[in-house]
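After this come two complexes, each holding chain A, first together with chain B and then together with chain C.
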Partner chain A sequence: MAILEEPIKGIVEVKNYIDGEWVESEGEIQDVVNPVNGEVIARVPISTKEEIDTAVEAAKASFPDWRRTPPVARARCLFRLKELLEANFEELSRVQTQEHGKTIDESRGETRRGIENVEVACGIPTLMQGYNSEDIASGIDEYLIPTPLGIFGIIGPYNFPFMIPLWSAPYAVATGNCVVIKPSSEVPLSQMKIAELVDEAGFPPGVWNVVNGGRTVVNGMLDHPDIEGITFVGSTPIAKDVIYPRCGATGKRVIAQGGASNFMVIMPDCNLRATILALMTSFFGNAGQRCLAGQNVIIVGDDDRFYNEFINGVVDTAKKIVIGNGLDEEVQMGPVRDTEKKKKILSYISSGIEEGAKIILDGRGDFKIKGDYPDTCFLGATIMENVKPEMKIVTEEIFGPTMGIIRVKTLDEAIKICDDNPFHNADAIFTSSGRTAREFKYRVKSGNVGINIGIVAPMAFFPFSGMRDSFFGILHTQGKEAIRFFTESKVVIERWP
Partner chain B sequence: MANAVERRRVSCPIYHVGAYIVKFDDGSHVIKCANKQRCGNTCPYLKDPDYKSPYRRAPEYMP
Partner chain C sequence: MQLNTSASVISFAKQLEADSASFYDKMAERYPKAAELFLAISKENSKYTMMIQRAYYGVITDAIEGCFAFSVKTDKYTFEKEPGKELDYTDALKQAIDIEEKLISFYTDAAEQSKAFMADVPRTFLIVAKKRKAREDKLRMLLKET
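Now for the complex of A and B:
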């Protein structure tokens, strides 16, 4: 099958989008490399503190007018954006594949999930309604008005360059706030494309700004007194030790989503075929670079026949995964984002072996790449057994295409392993017993719980949850919680004597 | 007038939206999809109501 046409041809010079204009940065320039073939596809600026300050000034100037724009008129801008995103669906998807490496099907799924957030935010006239009580005392009424706060900073990760900023931005602008988005400097093109469509959709200048860069931009956002809040998705060390405390120190609202080490609990009564297929996408989809990806399987019970059948099925299936260029529609797993990330994944596999895990499928070299591509960023699926809960490959986030297999005797032991882990992002159980599923759902301390679901990804109208070291804050992105996060409750008590 | 013999829900692999394929006893079929206008002739189900994406979400596994 032919490889789909690349939408990015040549080298794109990425600019910042500030106050409705494309502005060149004074900062250093960094290459954006397609991980499939190592080709430079763009150059992105590492913007300066002055540039983030300019973007915040633009947003500050636009806020009063945008806040006064009726929600129904703000929703019209979002409706236009949604239509433009649909019209450019395929191009947006291919850009993600080109800059990140994921397969085109994964990119199309990401585009759809991103657009769904814009769709939900289009309902802002009703989503943002307050409530009231008549006659709280004789002749006195009281009501609540959700009001926008001002300017929000949105910091995106590299693994979902298109979708993740859309967990926040549509809700922020729909509620009357202005945003400054900092995409990951490794994958800035998707947010650049969205900003082009935002411009075409007719948002007023300064409402939606994009400033590319790294640490300086993040620090600029965290320290800026006019930024009311930050949403961040990235690693736990940054979320926990930088974003969350600094927002606390500067009095900002915060949603800081960190890493994960998710468990898939397998009961012997599960539907084996369906379970194995679900595990393939959970562990190896997006090359494992997903905070909802499974990292370890916990097989419950001492039925050796089931255990062997499961292991053989998983290994046989994982071996057949087609690895290559994500723009080839037959490819099922693309490369990891860059060589540094590959090195980190390899070091985790080595540490697993050193701590006693046994490799039963080695993705470090035992795989074929479809097409003529260097193996620089590619990895095959790796499966390890004899994994123990205290190993680094369980207690830390790997973020790669690996599966560890832990064996326990009872569901209680499985739940204890889930609960003792520092991360609590997403855990799932595979069973045909409603009672077992309920017990797991009730007891497991996890932000997103799956029952016979491998990737526990909440839809746009539900919050993207997370607990403990996977999430720092109170309210979450997406849906009604995002509306709460981006608004302050103003309570009015009224008497007309 | 042809009678409907099969009504099937499909998940479009191109736009990741749900659609319906209705097959009739005279061999014809129609696609009920919210994205129909946008996709026009590029809809893979137009030519083949049983179209399957070359990408499958996971390799086949037969125990």
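Now for the complex of A and C:
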């Protein structure tokens, strides 16, 4: 089967999209590298404080008119954007693969998830309705009007360059706000492509802005008095120690989604084949670089026969994963994003071994790459046995294609391990017992809970949840919670004497 | 060749539909008495391709097992794109029936493999298999009439 054609040819000079114009930055330029082959595919500016200020000014100037635009008219812009995203679905997906390295199935999945958020936001005329009470006292009525706040900053991560900013932006603009998006400077092309379509969809200038860059842009957003709120997805240290407190200090609303170390609890009564395939996606999909990825399996019970059958099945399947260029449709796992990330993953594997874990599948070197590509950013699937809950490979986020195996006797012990972990993003159980599943779902303190699901990714009409060290804030991205986040509740009490 | 990913299986299905369409186009050229039927059959294939693509692009998300949902051995399902040059009408019909059997078997096997993972895709595969079964019956009727 042929490798799909690359949509990005040559080197793209990425610009900022401010006030409906493509603007060159004064900042220094950084290369964007395709992790599959090390080729430079784009150059992205690291924008200056003045440039983020200009974008905020443009958004501020657009806000009064955009806010007055009826929700049905705002929805029409989103409908046009949705149509354009569908029309460009394949190109958008391939761009993600080129800039990130993920497989084409994963990129198409990401595109679909992103578009679904635009679809949900198209329902803004009803989603944004308030409520009222007639005669709260005789002749006096009271009602609530959700109103937009102004300008929001959206800071995206590198692992889902297309989808994650769309967890916020469609809702923000649908509710009448204006946005400034900062994509990850490692993967800026997807947001550039979306902005091109936003332009074509006819959003008024200044409503949707994209400013590329790094720390300066983030600081510029955090400190800017005219930015009402920030949504951020990234690592826990940044979410917890930078974004959340700084937003608090400047009175901004905040959604700060951090990292994870998720558990997949395996009961001996699970459907073995379906569970193993679900775990392949959970642990090794997106090369393990997602906050919903499984990091450790907890096998419950003392049935050695089941344990051995499970381990053999997982190792045999993981061994056969086809690794290579994500644009090759047969490839099941692409590279990790860059060499620094690869080094970090390798250091976690070493730390696991030092702390007593036993490698039963070594993805550090024992893997083949399909096609002629350097192994610079590639890793195979690694599986480690004898993992203990206190090891670093459990208590910290690895963000790579690794699976740790923990064995316990009871479901109670499994739930305790889940609950004692500092992160609480997504945990799942695999079982054929409804009673066991209910017990797990009821007790586990996790933001997203899976039952026979390896990637507990909420649909666009549900909030992307998360708890403890995985989430800082109150309301979440996506769906009704996003509508609530991007609006203020204005209460009117009315009397006509 | 073994295919495991949804992307590769969908491309393979598209290829099978295109190959089968070109087979029926040749049948129409070679046997004018049934040309209308063969051209209609060929046209149906593009409808199946569309149905399959819609199902895949509609359901694929990062949360499902897109890269691990299949275990398709392609050799079992491949066929000649043209009716054999030496074949008479009866034998060409037999070849068409053989193609339909292979395609029904492909869609049924692929649906079974992915039923726990790919939601609308296996359902669409089964719809296409059912429609092809009806086509196979029609071809068998033609064969009987010869």
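Simple rule for what comes next: the second predicted complex is superposed on the first by the 497 of 497 C-alpha atoms of A that agree within 3 Å, B and C clash if a C-alpha of one lies under 4 Å from a C-alpha of the other, contacts with A are read in each partner's own complex, and residues count from 1 in each chain.
Note that in this section a contact is a pair of C-beta atoms (placed from the backbone, for glycine too) under 8 Å apart; a residue touches a chain by one contact, two chains touch by 3 or more.
Quick caveat, the model's predicted, so the values are computed rather than measured.
Asker: Judging by the criteria at the top, classify the pair chain B and chain C on chain A as clash or fit.
Answerer: Superposition check on chain A flags a clash between chain B and chain C.
Asker: Could you say whether A:M280 touches chain B, chain C, both of them, or neither, answering first, second, both or neither?
Answerer: Touch partners of A:M280: chain B and chain C.
Asker: Looking at A:I455 after the superposition, I want to know if it touches chain B, chain C, both of them or none. Which is it: first, second, both, neither?
Answerer: second
Asker: Which partner chains sit in contact with A:E309 here, chain B, chain C, both or neither? Use first/second/both/neither.
Answerer: The first partner, chain B, only.
Asker: With the two complexes superposed on chain A, say which partner A:L272 touches: chain B (first), chain C (second), both, or neither.
Answerer: Touch status of A:L272: first partner only.
Asker: One more residue to check, A:G447. First (chain B), second (chain C), both or neither?
Answerer: neither
Asker: Under the stated touch criterion, which partner chain does A:T103 make contact with: chain B (first), chain C (second), both, or neither?
Answerer: Both partners, chain B and chain C.
Asker: Using the touch definition from the top, say if A:Q332 reaches chain B (first), chain C (second), both or neither.
Answerer: both
Asker: In the overlay, answer first, second, both or neither for which of chain B and chain C A:R290 touches.
Answerer: After superposition on chain A, A:R290 lies in contact with chain C alone.
Asker: Considering 20-28, 74-82, 92-100 or 128-136, which region of chain C has C-alpha atoms that clash with chain B after the structures are aligned on chain A?
Answerer: None of the options clash except 128-136.
Asker: Once the two structures are fitted together, what part of chain A is touched by chain B and by chain C alike?
Answerer: 1, 89, 103-105, 108-109, 112, 277-278, 280-281, 317, 322, 329-332
Asker: Looking at the complex, which residues from chain A come into contact with chain B?
Answerer: Listed in rising order, the residues are 1, 86-87, 89-90, 103-105, 108-109, 111-112, 272-273, 276-278, 280-281, 309, 313, 316-317, 320-322, 329-332.
Asker: Taking the complex as given, what residues does chain B use to touch chain A?
Answerer: 13-17, 35, 38, 53-63
Asker: Write out the stretch or stretches of chain A touching chain C in their complex.
Answerer: For this pair, the touching residues of chain A are 1, 89, 103-106, 108-110, 112-113, 160, 163, 271, 274, 277-278, 280-281, 285-286, 290, 292, 317, 322, 329-333, 453-457.
Asker: Quick one: which bits of chain C touch chain A in the complex? Just the residue numbers, please.
Answerer: 1, 3-8, 11-12, 57-69, 116-117
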